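Report on the structure given below.
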Amino acid sequence: MQTEMSLWSYANPTRFMATTRPLLPWLSALAAACLVVGLVWGFFFTPDDYRQGSTVKIIYLHVPSALMAINAWFMMLVASLIWLIRRHHVSALAAKAAAPVGVTMTLVALVTGAVWGSPMWGTWWAWDPRLTSFLILFLFYLGYMALWAAIEDPDTAADLTSVLCLVGSVFAVLSRYAVNFWNQGLHQGASLSLDKEENVADVFYIPLLVCIAGFVLLFVALVLARTRTEIRARRLHALQLRERMA
Amino acid sequence: MIRILSRDVALAVRAGGGFGLSLAFFLIVVVLVPFGVGPETAVLAPIAPGILWLGALLACLLSLDRVFALDREDGALDLLATAPVPLEGVALAKAGAHWLTTGLPLSLAAPFLAVLLGLPAPGHLWLAVSLLVGTPALSLIGTFGAALTVGLKRGGLLLSLLVLPLYVPTLIFGADVARRGAEGLALGPPLALLGAVTAGCVALLPFATAAALRVSLR
Amino acid sequence: MSGLVASDLAVARGGVPLLAGVSFDVAPGRALILTGRNGIGKTTLLRTLAGLQPPLAGRVAPGGERSAYGAHADGMKATLSVAENLGFWATLHGAGDIAPALAAFDLDDLRGRAAQHLSAGQRRRLGLARMLLTGRDIWLLDEPTVSLDRASVARFADAVRAHLGRGGIAVLATHVELGIEAEALDLERYRVTGATAGQGGGDIFAEGAVE
Amino acid sequence: MPDLGKYAVEVGAAYGLSAVLIVGLVAVTLWRGKRVKRALDAAEGRRNA
């Protein structure tokens, strides 16, 4: 086992720290570059849509943030499963680190979605099925983070939040379906989001791809940085317990 | 398992508090609504199914933190965990007892409270049916939340924050059944979905609850 | 029936290792008394032996399935009567009749009384009667004589001796001299100190600097 | 600056609020990272001393 370098060896905290330290500056720089290029391109150098006018520029924030809001939860689900099955501490801490990033992405998606919809709906908030689903996802994130914060023992917290993440994922999918059922087709949900790509011309599509890449890189860089902090905090916690004992 | 259930029901009835309290809370919520939105039947009747479902849901929430907390305080939870019954069975029995002492009485009381809100006649039956089918899911989800927070000192508020988002599908389908019932519309699909949510909760949540309990007991 | 064997056991409370390297072997019909100052981990060790929490390291045999755990929190419901409380646990453990347990702890006259109206000594006897009903041969008792007067302590000691006489095993955490023939295990020498912490303490974050 | 037409407020608000949220998240991440690192270094120092 020692001779064979498996993927799991990166789950060792010390190894994880050593591996990610040189990676982080590059990732951060790349994320910043993609975001600046994509957003400047989108904001300054793309034409207005003939129907939606300049609001089409919101697409460069809304679509990537919405994607990352869901993917962050999905990453937490995978990390929780790895913790429950293989007991890798880094995995549990990565899930904890991803939640605040996911909740921010959800907020960005909510805010930009509401702002984008406002000219069409005539109000700042409408109970559009997609937006409502993101609001529910936001509540799931809040509950998950609150449970982490409430439990003192880190391993117990990791166990219970992982179970919550699993059950929450099932109910999040169920809620998405239920919300569609609850408010079907009252708003033009489909014209708001990713489905639009099909009829979006290349002038919008290419800067959008750059922005998506930027958000993915930003997410990875932030989660790595936050996981490093969580590992340090965990070590600090262990040291403080020992200090109190001695 | 039956024995755990009947003991919990007996305890709730004997102690008085938990049993009557959620019913009284439900009544108060329903009585307060007209003060908030006005007394006209034209305003009250359309929102009555939603209000009654919401009131029942909040009343369910009220007694959740007692589901495991009392047993933890007096050591019974430790003894149940070491007894020759699976913890999944304990979880199911606890949820069953919670439903018998809150969900069931709430479902039976709801049609009478619906009169106060001017719900049209065919709606009463369907309101009771939707609550009877949906409230078991509320008890099961709530028991899961209670298992997550049983070891915490200030678990009550956190419990609500964890459980309420999980209640969304049940509330949507349940209130939809009640609304369609009141308007005389076809209600097959939402009723089937509501039943499916409850059935799924019965089948899967006791395992999650037991897993959370094992961790909380450590 | 084999005895209760702990080998190289390490236990933790709230992530803090308390005891390490605990080994003992209690034969049927024998008792073990755990001693050590408050907070050393007697309760945590008993809970680990009962299977309520996993050990950090080492093994316990058998697991929890043969043991009955009795703590000061006895799981008795205040509003239920003595007979109702015992009847509940008897059903769970598949024991048919609570009469022998009532008789063994002199609870016959109290069977209809609600648990909240019992004196501390009577309440303690009720908890011990439950141990008997479980039908399990390993008794794990945490401070069993707290709030008992001298007569009740003697009665408790008789009950434990009777249990041992039936080939049972008892592990007790207590400071009171019970007059039971038993080995004593001073937990002080298994205590995990600041100096020894981190060597196999179970928490990988305690072992070395992360970077 | 491109001409945003009659939706200038909406587009401006979307970009402004998003920038506040994301910059805020990055700032909190960096700030907490620094604070925890400092505390850990101090604790390691005490341990090795």
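The first chain written gets the first letter, and so on, giving A, B, C and D; residue counts start at 1 in each chain.
Operating definition for what follows: contacts are C-beta pairs under 8 Å (C-beta built on N, C-alpha and C of every residue); 3 or more make two chains touch, one makes a residue touch a chain.
Going by UniProt, the chains are A = Heme exporter protein C; B = Heme exporter protein B; C = Heme exporter protein A; D = Heme exporter protein D.
Everything quoted here is computed from the prediction, not taken from an experiment.
Once CA atoms are averaged chain by chain and compared with the all-protein CA average, the nearest chain turns out to be B. Using the mean of the Cα atoms as each chain's centre, the chain most removed from chain A is C.
By number of C-beta pairs in contact, the leading pair of chains is A-D.
Centroids built from CA atoms put chain C at 48 Å from chain A. Mean C-alpha position of chain B lies 37 Å from that of chain C. Here the CA centre of chain C is 52 Å from the CA centre of chain D. Centre to centre, using the average C-alpha position, chain B and chain D are separated by 41 Å. Shared contact sites, meaning residues of chain A that touch two or more other chains, fall at 156, 232, 235, 239, 242-243. Touching of two or more other chains is recorded for residues 218 of chain B.
Each of the following residues of chain D touches two or more other chains: 44.
Pairwise, the chains that touch each other are A-B, A-C, A-D, B-C.
Residues 144, 148-149, 151-152, 154-155, 158, 161-162, 164-166, 168-169, 172-173, 176, 189-190, 193, 197, 204-205, 208, 211-212, 215-216, 218 of chain B are the ones that touch chain A when the two sit in their complex. Interface of chain D with chain A (complex): residues 2-8, 10-11, 13-15, 17-18, 21-22, 24-26, 28-30, 32-33, 36-37, 39-40, 43-44, 46-47. Interface residues of chain A facing chain C in the complex, by the touch rule stated above, are 12-14, 17-18, 21, 89, 152-156, 231-232, 234-235, 237-239, 241-243, 245-246. Interface residues of chain C facing chain B in the complex, by the touch rule stated above, are 47, 50-54, 64-65, 67-69, 71-80, 84, 88-89, 91-94, 130, 134.
Interface residues of chain C facing chain A in the complex, by the touch rule stated above, are 14-16, 192-195, 197-198, 203-206, 208-211.
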